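For clarity, chains are labelled A, B, C and D in written order, and residue numbers in each chain start from 1.
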């Protein structure tokens, strides 16, 4: 079969000695996907069915900050999941320190629910709004930094698919560098004027709703996972 | 092997350039399954063990609205999961905008627990029953609309298995169009008479408990996943 | 390759037309595993860190019913997961009604946390102990019945691996029939004397901690998943 | 294909009769990963958005024990996940008693959130600090013991990859023996002086942040999962 599809040649032990037991990315992605899915879905338990004296319609309407918290969490975690899923096609192996960096990133993903909720629930409160926004922007910046660390560890330890065109990998690298700097700037700006910091952090995050650049390979390579053997 | 099973020929990069890193649907399904599983199982934490003065049997019996909320959530999410699992055989690839549409749909799946609980918990309350039912029907309609958006995005961006008979895909398309219109009508009717809206939305949702039409292929194609290479 | 390993011939569309899009069991198992994992892990959120005036050691010790609830849930769900994992080697395909039956079973698995907690938390309470035990035994019986329904649906719809020896499948069938009857008897007995019902239901459940009989095949068949192609 | 890659020969039924339906480790890993992911992410729901009278910044800062609890849980569970993921390359099959041992280990993983939270929340409390630290160290020791039991069961029942060099497996065995003894010693020491017990248990746990020794095989063997067939 190696003769039939030489371009599919899998990396063997000799090609990638790695640290610890280097493995493909399948199970790392599976663990990450599960953490994403839980962080994505958990916030719903924070919304409690109201049983007050007012008409139920009014009580349900008054819960809008909770709905907003759920929507913000879903949006942020959804965007990160989409980028993480995309990067599953960029990395080709995993190793010990890449796992450690991924766990650090997932710690931030699991945490972001809390600043998002703090921000949404304090939005109607003139005194709390500012501090809550700063806290949320700091959470976004922290998450961005852990993503960047994961990228740097993955790249420096040879986990990025070696068949990708170097200029393509450089392009991703520039993107992640610029986004991370902007998120840190946003967190700093938020301390001065929270509206500006929040706007910048939101813009950087929403930018990743756009499709990432299609990977460019130096040689022919399969792009559709799970069908490589057909 | 391509010679042995020409009908299994997998789409390669040239066949499906896609946006971003187009991939098979395996990991997208895995993420979606995890969100479904969490939304399906989480409602149990909303039921608290009673520690009142009444006999425990009576206290446990009085929790029936909570049991009903759990049953409704399980039924609705279970039905959507079954349809989503089925559609895993309909879509053949995923791409950036299809991922975005799936995340939107999953946001609705994660949210539906709350209107289901609001409805069940206010069922014994004559004043709250109506508004809660409207809220629940609106939630069902919203979920239906996001499913429909996912379908439209998946179809228009070429993620549907090209080996399916066009009339079969048209049949699914009609189903989803009609269901979505009926769910929106149900939400509108619920504002006038909640019982009617609720009955219609329930009927549309329960319709999907029936087996979907078996896929019809233009050429021979494997139907059992994970065994294609045997 | 079919020539090299004729015994691995995968069922194709013509062999198993099924309802809806019949598929292998991989994703159904994945969804079920996720529900099991959540139901298994969720009960920990019910245990709250005490902040009372007594010495902390005493307060932590007084939480023993909560620890017991966690242990019981883990044991029951763990046993069912092990059996479900085992049955992943018994079923070979899935289909619409089998999916529906699995969702029904998973609804019971997700629910069992609540009767387990009600039982453990009311164990120190002389008045509540009996009703709580009845509720728990009823929960175990309900879960057993849904497992049995899944088995019957899976078997009657042809999802059981056709390469298994008929007497082996009959042996499993007898086991599940007998267990289900015993669990229903236990629930009935519990209404009369809860200790007896509880003892019987516990014995039936704990029986499944023993290894299931090793599958017997009519022809040579691979038993180790994921390595069939080697 | 067996001729082309004789070293990839998969174990068949005759090679590994096992108890019950012996299977590969894929689904066992998937279930374990899901439990890890949930235990890793759940603690965030324990942090409640403050709505008091103090300035929000002060209220958010006062929540530091909750943030610490989240960080400790993430660290401990993250370290165990990384080791568990690594061991997925060490074990080659699973079987009934190995599944039982894994469920026992996962029960401890799911529980560790609670002692971690109890410790972090009582850290500012001079009276509670000691008992809470003892409870946390006991939790770490218990988790270590269940990991050790899983290893012993897996090894004695032949689930360890037979292609690994015996001295490599012995090296892992020594590691796990020593760690387990040290964790038990730490729990005993904690009863006398909690600071010492806590320091030892933390040191043992943090040791596993280091990369495990790269597996050494007696014959050439693929190390990158999911790419064996290429």
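The definition used in the following text is that a contact is a pair of C-beta atoms (placed from the backbone, for glycine too) under 8 Å apart; a residue touches a chain by one contact, two chains touch by 3 or more.
Since the model is a prediction, treat every value here as computed from it, not as a measurement.
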Worksheet item: If every chain is reduced to the average of its C-alpha atoms, which one ends up farthest from subunit C?
Response: A
Fill in: Numbering shared by both copies at the subunit D-subunit C contact, with half separating same from different
different
Discussion item. Measuring centre to centre with CA averages, how many angstrom lie between subunit B and subunit D?
Written reply: 34
Worksheet, complete the sentence: Expressed in whole Å, how far the mean CA point of subunit A lies from that of subunit D is 24
Worksheet entry | Set of subunit B residues in contact with two or more other chains | 1, 30, 34, 37-38, 42, 45, 228-229
Worksheet item: Which of the residues in subunit A end up touching subunit D in this complex?
Response: 1-2, 5, 8-13, 16-24, 26-28, 30-31, 34-35, 37-39, 42, 45-46, 93, 95-97, 99-100, 103-104, 106-107, 110-111, 113-114, 117-118, 121-122, 125, 127-128, 131-132, 134-135, 228-229
Discussion item. Quick check: in the complex, which residue numbers of subunit B touch subunit C?
Written reply: 1, 4, 29-30, 33-34, 36-38, 40-42, 44-45, 47, 49, 51, 55-57, 60, 70-71, 74, 78, 81-82, 85-86, 88-90, 209, 211-215, 217, 220-230
